[in-house]
Amino acid sequence: MQKLKLVTIVAEAVLEERLLRELRHLGARGYTLVMARGEGTRGVHASSWEGPNLRIETLVAPEVAERIMTYVADHYFADYAVIVYSIDAEVIRGEKYL
Amino acid sequence: MTILDLVRLNLLSPMVLAFVLGGIATLVRSDLKFPEELYVGLSIYLLLAIGLKGGAALSETPFSVILWPALATLALGVLIPIVAYVILRRLGRFEIADAAALAAHYGSVSAVTFAAVQTFLEALKVPYEGFTPTLVALLEVPAIIVALLIARVAMGQGGNWGELIHELLASKSILLLLGGLLIGFLAGQSGLKQVAPLFVDPFKGVLTLFLLEMGMVAARRLGDLRKVGLFLVAFGILMPIASGTAGIWLGSLTGLSSGGAVVLGTLAASASYIAAPAAVRIALPQANPSFYLTASLAITFPFNLAIGIPLYYGLSNLFY
Amino acid sequence: MTILDLVRLNLLSPMVLAFVLGGIATLVRSDLKFPEELYVGLSIYLLLAIGLKGGAALSETPFSVILWPALATLALGVLIPIVAYVILRRLGRFEIADAAALAAHYGSVSAVTFAAVQTFLEALKVPYEGFTPTLVALLEVPAIIVALLIARVAMGQGGNWGELIHELLASKSILLLLGGLLIGFLAGQSGLKQVAPLFVDPFKGVLTLFLLEMGMVAARRLGDLRKVGLFLVAFGILMPIASGTAGIWLGSLTGLSSGGAVVLGTLAASASYIAAPAAVRIALPQANPSFYLTASLAITFPFNLAIGIPLYYGLSNLFY
Amino acid sequence: MTILDLVRLNLLSPMVLAFVLGGIATLVRSDLKFPEELYVGLSIYLLLAIGLKGGAALSETPFSVILWPALATLALGVLIPIVAYVILRRLGRFEIADAAALAAHYGSVSAVTFAAVQTFLEALKVPYEGFTPTLVALLEVPAIIVALLIARVAMGQGGNWGELIHELLASKSILLLLGGLLIGFLAGQSGLKQVAPLFVDPFKGVLTLFLLEMGMVAARRLGDLRKVGLFLVAFGILMPIASGTAGIWLGSLTGLSSGGAVVLGTLAASASYIAAPAAVRIALPQANPSFYLTASLAITFPFNLAIGIPLYYGLSNLFY
Amino acid sequence: MQKLKLVTIVAEAVLEERLLRELRHLGARGYTLVMARGEGTRGVHASSWEGPNLRIETLVAPEVAERIMTYVADHYFADYAVIVYSIDAEVIRGEKYL
Amino acid sequence: MQKLKLVTIVAEAVLEERLLRELRHLGARGYTLVMARGEGTRGVHASSWEGPNLRIETLVAPEVAERIMTYVADHYFADYAVIVYSIDAEVIRGEKYL
């Protein structure tokens, strides 16, 4: 078993394409995405047609996790309804995520 | 009929009543919720149906007939956001980003309001040009570009314009509207007839269903009304009346029928809540969505639906 | 036609056959699944459509005509749950919570069974009053309140009644039914005509689709049949026959046409599986859902659909 | 009309144009997305509608009329996968699993292509047998079984055949098609009439919507075209032409009308992308989905839609 | 990076409004909600129209997490199909969740 | 509070019935399932009608978690688009998961 980080980003739907592109650049080798509703401190989202929140999970190496978290905080926290957190996860044959 | 009769007639249409019912559902905190997917499905349907019908009509319209109305529409798309921006900055003392965001919304157009004015005119048996969906498509994009341009110049920023314009043209609402238009144009009236039992006949029923949901969405914004202030409420009512009058006038100048001019006026008066919010959220994230979404969805949209449309119809008598 | 002919005719309608197909799909463990959102969408459609049609008919009904049938309906809504509760406690030896929960379900009403009886009568060209959807709305709520009241008194509890009644009235099924009724009433027949290609013409087709899903849901409950015991199976068949007869009789007393009395009988006989389960789950969480869902969905609903409706139609001859 | 006229007529139908629009949406990276649930809902509708119509027609068809065409269809379902497998192994040098997977897809059938050929013939007012949906159902399964049998024999494996056949017969596409057929058969034309405003009239409109989504799905596979290689591209075009010709020929031998033969030819020519991929993914997981999905969805499906159907119609003149 | 708890509640859909209200009272500053299917030991749910399970996640301080878990266990485990669990999570600029 | 493992499997939808059956055999007492989209290293999925990925979560004892992870790796990694990972979770009254 190998130890990796599971980074979860919850963000407004309008950011989908941009976030996925940036995740790839930051070193993520895959992601799993689910549509979600939610409330936090900012509330208002873009448009009803754009729909609800994205909940994106990506299993990555610890250093990539840190990079993603800092990047998201720096680029999105000011203007967008976005949160990001990281959880310890164990995987089998972890090479594919690295 | 007096304007008041028209308002009454309009207020008791199933569409407007469904909008009210949606509002009530939210206010009494009903557990009624439209699945997101149903909302998206209905939107796809409405945009495609508007396009198809317009395209089939366009296929029988000579170029010379549509040229001038099209140019008038483009002019509205450029002028309305400029005027709106100046008013919001000077009189309303809004921040640059917020003023520009609002300008983008009021310059652009609401497809559902368009569908409502069509339904209204059809109920009154007032004819209007079949190519009006083309005008919807023409009016949707320019205002957004103009408003964002103003914002960037005012804030001294550059920015990737190519990407923005691509994103706007490839955005689902415009793609479906233009795509439907093209399909309708190429397939013609005989092609439209094949799909009419889905895309033409049940249109008003689908609109009713959609407005039920819109009523819920708009009512959820009512709480924000206090936040946005009295100025914006007034703006959300007076701006459409001004743009609407301008639209009717330009329509009359460029040879539209009186029904067509009412449609153009309503388009000018309507505020976007599909294409514009998405574009603004990406390109002007500093702008506060409370302002533009509340104004567009909770003030201008119901105003146009209930009062604006019959009003513009009444006003058209001044020009015809 | 004999009752048997009617049963046969009814069993071979696309609606009932779709219900059977849904059951088969579950029994052969097919991977067919209705997306949750489709189910919700179809429910919204059915409730709204029933309301709209009823409201438009109501707009042409004098008050004096509907008064007595409405009172009869309210009486059924109060009496059925009391009778059901006593039977279930005395004869069935059910716990208080379970007996009250079942009583709530059998006193309330199933909108899909209502739609099925309408379709059945229309196939036979038997006329019935247009205001019957009003009766559906009247019958939906009281029984739930009565049954919960019984439970709380029997268990010596108080409870927040205001909140419960608000929740019931704001619940989506009632909101859509009453809202549709009001829209139909205000918009009238001419308003209904505008949306008929969506809300009237395809109604039976949508019902067919919905019953396909209901068949799957009901069949998933079949496994619980053993758990609920023979008494409940008998109750789920005999109680509807008794309530149905009472409904027809009251209908005949209060001046309904024979078709209208069959509708009222079917309403009385039907058991709720939308409003009641949600209310009971919140207000009587100790009650075991296996009992009330299985009885309502897997016993009474298919019984009414396949045998009950033609039976009530046959029984109506005794009163007319 | 020459074949070229037919191609042009076909290419400008709303259905084919919607498919193209879907392709464009993907290529310009539009944010247009069909909710999964809408896609599933439309699929359920199409399969059920095809079945219902076919069943109602079947209820008026004497057994002797359908017997020979049915046997011809079964023969196609056995022969096409064998021929395809041999070609792919010998000429294409594919692995056993990949060749068998492709053979299963090309022997089976595409319900949407079937709907398209129906629409095409109806536009030309060419009559065809009402029982053709029965043939769709007959052609869907055997090829998959034959192809998997070949693979297991060639790879020297056993396997749980009972489970596979059960899974195939209980799979949603077959259940809906056969179930619809049965419902239509039992309810007859009078039953179908009740649900026609949902299942018959809007059919082509729904198909248009569905093809919009299919265009997006197919275009997403275009990137894989390079991976699959030129041989598979040629196979995806030539194999349908061969199977299509065989189908028309067998149709003409077994007494089908020329329209019916065109339908049978199109069925033979079409490749499955619903039942077969799911079955192959379970039973032959080693096979590379890039091959079978790309060939079936991005090559053969659009080829049939745009060129194949008019071509088979033109070819039918050689046999009639 | 700060350490918080990610509390997840899976519950029948009919509890939505009530659970969200109570979470707020117990100190949660936001939540993310997804519709889910599932099976456990109790099985039966309210009604088909009410639909499937809720899966509610909320990032909270450890003491709030404990409060939520105890509350849910005490108020729901007896009569409802509900589970709740807690996971360690790391966030950036964690003040907004406190 | 008891310590358990939350095992998450992301897999193509066509595997649903099979995976759920096997989870039960391997000792899981319940699961929560959400439909998800995603991308990884393998990409291609079965069919459009089958739809997107499954994201299955199950709370289990640590030894069951290990069994599930090894089983999934051995039986699915070669031919299917599947990932599996395990996370530490705390529950209240954990007997029901064991």
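A few comments on the model shown:
For clarity, chains are labelled A, B, C, D, E and F in written order, and residue numbers in each chain start from 1.
As a convention for this text, a contact is a pair of C-beta atoms (placed from the backbone, for glycine too) under 8 Å apart; a residue touches a chain by one contact, two chains touch by 3 or more.
In this text the structure is predicted, and so the values were computed from the model without any measurement.
Path length between subunit B and subunit C in the chain contact graph, taken as the least number of steps between touching chains: 1. The most distant chain from subunit E, with centres taken as the mean of CA atoms, is D. With centres defined by CA atoms alone, the chain at the far end from subunit C is A. Centroids of subunit B and subunit F (each the mean of its C-alpha atoms) stand 46 Å apart.
The mean-CA centres of subunit C and subunit E are about 34 angstrom from one another, to the nearest whole unit.
Mean C-alpha positions place subunit A and subunit D at a centre distance of 40 Å. Counting only residues that touch two or more partner chains, subunit A has 34-35, 87-88.
Listed for subunit C are residues 31, 35-37, 40-41, 172, 197, 202, each touching two or more other chains.
Considering their complex, residues 12, 14, 18, 35, 44-52, 79-80 of subunit E touch subunit C. Contact residues of subunit D toward subunit B in the complex are 12-14, 17-18, 21, 24-25, 28-38, 41, 119, 123, 197, 201-202, 204-206, 208-209, 212.
Chain contact summary for the complex, subunit A toward subunit E: residues 10, 34-41, 53, 55, 69-70, 72-73, 77, 83-88.
By the touch criterion stated above, subunit D contacts subunit C in their complex at residues 35-37, 40-41, 44-45, 48, 52, 166, 169-172, 175-176, 179, 182-184, 186-188, 191-192, 194-199, 202.
Touching subunit F in their complex are the following residues of subunit A: 1, 4, 6, 20, 29-34, 59, 87-93, 96.
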